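Presented below are the structures under discussion, each in the form of structure tokens.
Presented sequentially are two complexes of chain A, the first with chain B as partner and the second with chain C.
Let's look at the complex of A and B:
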């Protein structure tokens, strides 16, 4: 998914899923992140909506994030799994004011891991977002619970966010992108190694042949 | 332990063999056990073709993959036999059978590859019916008819999957919207609408001028019976107003659902046109009666529609359909939003009104909205294929058509496609069924239906019969019948 490295400049295109239950604020999060705006009334997403965020990561890296904002409705869930394909990372969102959506988020994570993985078999990086934190506070007990959940369920980390008040939106995304880039580098290295192994094997078999 | 490449086995299961239909099929169908396979030759002349050589020295007729799919086919074959390249000739694949799969039939093999090529073939009635077949280039047909065609000889040419020739697509001219004056001409002195079919045809061709919508939609949505007088409609409206407010009292407690109702994509255009809560409700009931299956828990309505759309698309453009399938997009989920809320989010608001009033005429055929999908896809397919879009790009591309579509162009193309299909004599039964083109079921068609049960069962629908009820029912009894449904589903956004 990475572009050419002319003059040491690299452009990446990553597909990032935004998943979680209905009405937890996925679309609001995306709109805040991409347009820096908050809308009180948004239509329920049907299927998937696309947004693009371009990040100049450093002087020689540009990242294009293709955000797949996937409808959260339960009845669409089975269908929505097809959208997971070939994604590089995920933001899994729940609504802090609605406890059951945390269970939902864990289900989404589970489904994600059963559909997609990195080339090396590890899960794709996913960040857990405790959204609508402007309406409530995470107490210390909850924080350690979330910490534990992240480890158990394989999230790379969690953030309390508010699309409305613009809290931790950029930070959470940046955290995810950092991990995606790391994975990307690793897989490039692994590929190079594999190629070398293949070449060695080939030259070996060639020699036995002759 | 019979392994069949063809559908012939099922024909036998029906104890059939008498009709020409079946005989002709048998002539070009062949079957063999994968265990008997010695080698496979794969060659390419612009397209790939595959020849099977059996252990007893038989070379079976070549299978030509004009529209692609040979790799998928071989992949599914690999699930039951081991295939290795021949060291001397790379076009030859040597087959060795795994012992555990000796009892595995082709059928089973196909079941676990959902989008397997041969299954597609099996599910594809029109590529396998005699009717469709006779449309293929003559020399091919002759080759199959040739009496000397036996397994030991390789016939000249044959096609595995091919495009049914639909004939040219006619030009369709749109007209302007029906005006107040025109509408008035269709009313008798007491207010009954006369010559409804003709009037509906005008609406199909041009829609309604906006000022007329408030009245005309009530007829199109079966709130007012076409043959009612001014007087009867006044009484009906009064009765329906009482009924509405009585029900509304009961709903008051369900505030969340009310909220959903307010955000409804489907209700807003009707509410906008009616400017009256009661009228909007009763019109909405009728519309929901048509689309409520889309919103059911199991999404059966949506699944059915996607399958129907896929059937139509394969008829219209097999090459494109194959392309989509090769990109893991054969399920057509990128049309999901189109179908779920009938293009509400794809078109500008005024264009939604135009499309919906045309749909509500139920002309020129049943499920016309599926042909609208086909028309849009037809306009995009070149771009999609030329730019070699994959799964993600296709989804994104289709999604981003939203608000860029030209409704008049789409409607004329959809109607043209409908005429094109209607003109086709050898129309597969499944297609006529979807579009409601045949009232009489032919015996051979019935055979097909059972034979291709996988494809047909969801769409030989109670839905379509229901539709017909809908059309013929008079307003009074119809509304009683649908009220229940309407209330139940009216709140689903």
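Let's look at the complex of A and C:
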């Protein structure tokens, strides 16, 4: 989704999902990223919450990021089909202090891939976030495990983050946006090529006609 | 105004961080930062978006006393009122629309919902469930949610405090009562609102009635019922506010995106508190129709004219608008009036339900979750399961035990004076037992709160909000 270009200035609008098991810190991550604030007590998300972050990417690109913070409880997933529609990327969050939420994150990724994909059929870019890293440390063995998981499950990368201590929050989001922008450029190019092919075909068929 | 003591031994929630959060709505209430006394509004809120501004909501005391008398009379011959076919039962509806007196709200909700009858017919059931350990799968989720329900309400602000303990007990009991259903996060605010008005056992039966009679299927796996109601709401909107309907359709805004929290929590997390209570008064009496009407009124007010739509051209902009509904549309008097006047009947909802169900089956196949049929309000519920007089008898909720010494005195042959004696003894010798003794109270430490309080959640037998001593008449 891109806005009109004016004097070489482009504005993009991307929908990014924030998903993962309940209580892993999705809402906290979003609040830190958008408002640069951290709250100890946040109410549970029922359904979906929305936030917007505007990023001046470079002198001629502005990105408007719509963050869809989706309820984590398994019971509430019946609605995901609606929430996932037309999203450009995802932040898949798990809680480093709660191992089972990593399995949860992989399930979320699986569900994501089964419901949304890019126009060219590839999965939408997703970053794995190991949140609450202020409370524990990733040892080297874990790091290589996460690396391997990313490759196997098709994440574009992973970050240890802490919404509380503001660690890697911007970096992780930036990494995702970079990939979304790349995908966007590629798909624009592909479209242009397709158009050219179409035009050529048209002109060919035109010439034979005449 | 009630005052809440802080630093009383029960670990307080992080009031400072709460104060930071939503600081705009707290205004200049600097008392929250470290002072020992916290002002609550008349509903027990110490802050947050739902705290009362106290502007408009004072009913003259004499009117209130009159209403209380009427309600007491009604509750005492409840079966006559509810089972009559004449205009009498219409009066119940009108009185619910006027607002149930706060002192009787808890009892009225329990009677209207049929929870009272369920409780009497299943005596000992809650205690039985309460004593079972519960499925760890659900306990884990429930425990993680306890401190995230109305963290601005004095009853729920303290980690491991009595409100959170009772919330745990009620939600756990439900997962044992309906193991196939388990726990859904949206049940927690519902249970919390009930607990603000009644003891844990009553709140449990209230929750059972809401989940099974008023909103069946809302909390079940797959959430089909809520999606269906989303479609019904959208279809009804076409008639109520065609402009709003067109707009939502144009930007492909699925009802699920704005109505999930509204409906699943029965607006308890959306409206200002005075409006929540008035809405729930009508909801218990008239059923889900009220939830639909509130939703329709809000959509109509926010998106009902071309002028309003100019500011929200786009999906996200519209969603934003619906998440920040103008206070004047949610204000008690306005909202109640609009809801009463909106011509959307039970029949309209049922008709649309059948139509949407057929459409659903065409696209998605059979429903995965077969829920019991929805009951439209108190009259339908009581008619389906007529109670005996015994079921409607009001028992005292709180029984103050006479201290042992007095009893033995009486056994020694002073029974003749017993009535008078009891009264004076209670007044003079020993204060009534506090259902929520503080851990610092030396006599009671051993059997109430374990030192590691949050680990071992074992609630008290009665729930009693300190501001609402008069709730359980």
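Here is the rule we go by: the second predicted complex is superposed on the first by the 206 of 210 C-alpha atoms of A that agree within 3 Å, B and C clash if a C-alpha of one lies under 4 Å from a C-alpha of the other, contacts with A are read in each partner's own complex, and residues count from 1 in each chain.
Here, contacts are C-beta pairs under 8 Å (C-beta built on N, C-alpha and C of every residue); 3 or more make two chains touch, one makes a residue touch a chain.
Just so we're clear, the structure is a prediction, and the values are computed from it rather than from any experiment.
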### Superposed model, chain A: greater residue contact from chain B or chain C
C
#### Entry: Touched partner set for A:79, first chain B, second chain C, both or neither
both
### Task
Identify the partner contact of A:46: answer first if only chain B is touched, second if only chain C is, both if each is, neither if none is.
both
### Task
Classify the contacts of A:22 with the two partner chains as first (chain B alone), second (chain C alone), both, or neither.
second
### Query
What residues on chain A does chain C touch that chain B touches too?
43-44, 46-48, 50, 66, 75-76, 78-79, 82-83
### Query
Where on chain A does chain B make contact in their complex?
15, 43-44, 46-50, 66, 75-76, 78-79, 82-83, 85-86
### Message
Under the stated contact criterion, what part of chain A meets chain C in this complex?
### Response
22-23, 37, 39-44, 46-48, 50, 52, 66, 71, 73, 75-76, 78-79, 82-83
### Summary
chain B contacts chain A in the complex at 263, 265, 295-299, 302, 328, 331, 333-334, 336-337, 340-341, 345, 391-392, 395-396, 399-400, 493
### Query
Where on chain C does chain A make contact in their complex?
13-14, 17-18, 20-21, 141, 144-145, 147-149, 151, 182-186, 188, 219, 221-224, 226-227, 254, 256-257, 260-261, 264-265, 269, 316, 319-320, 323
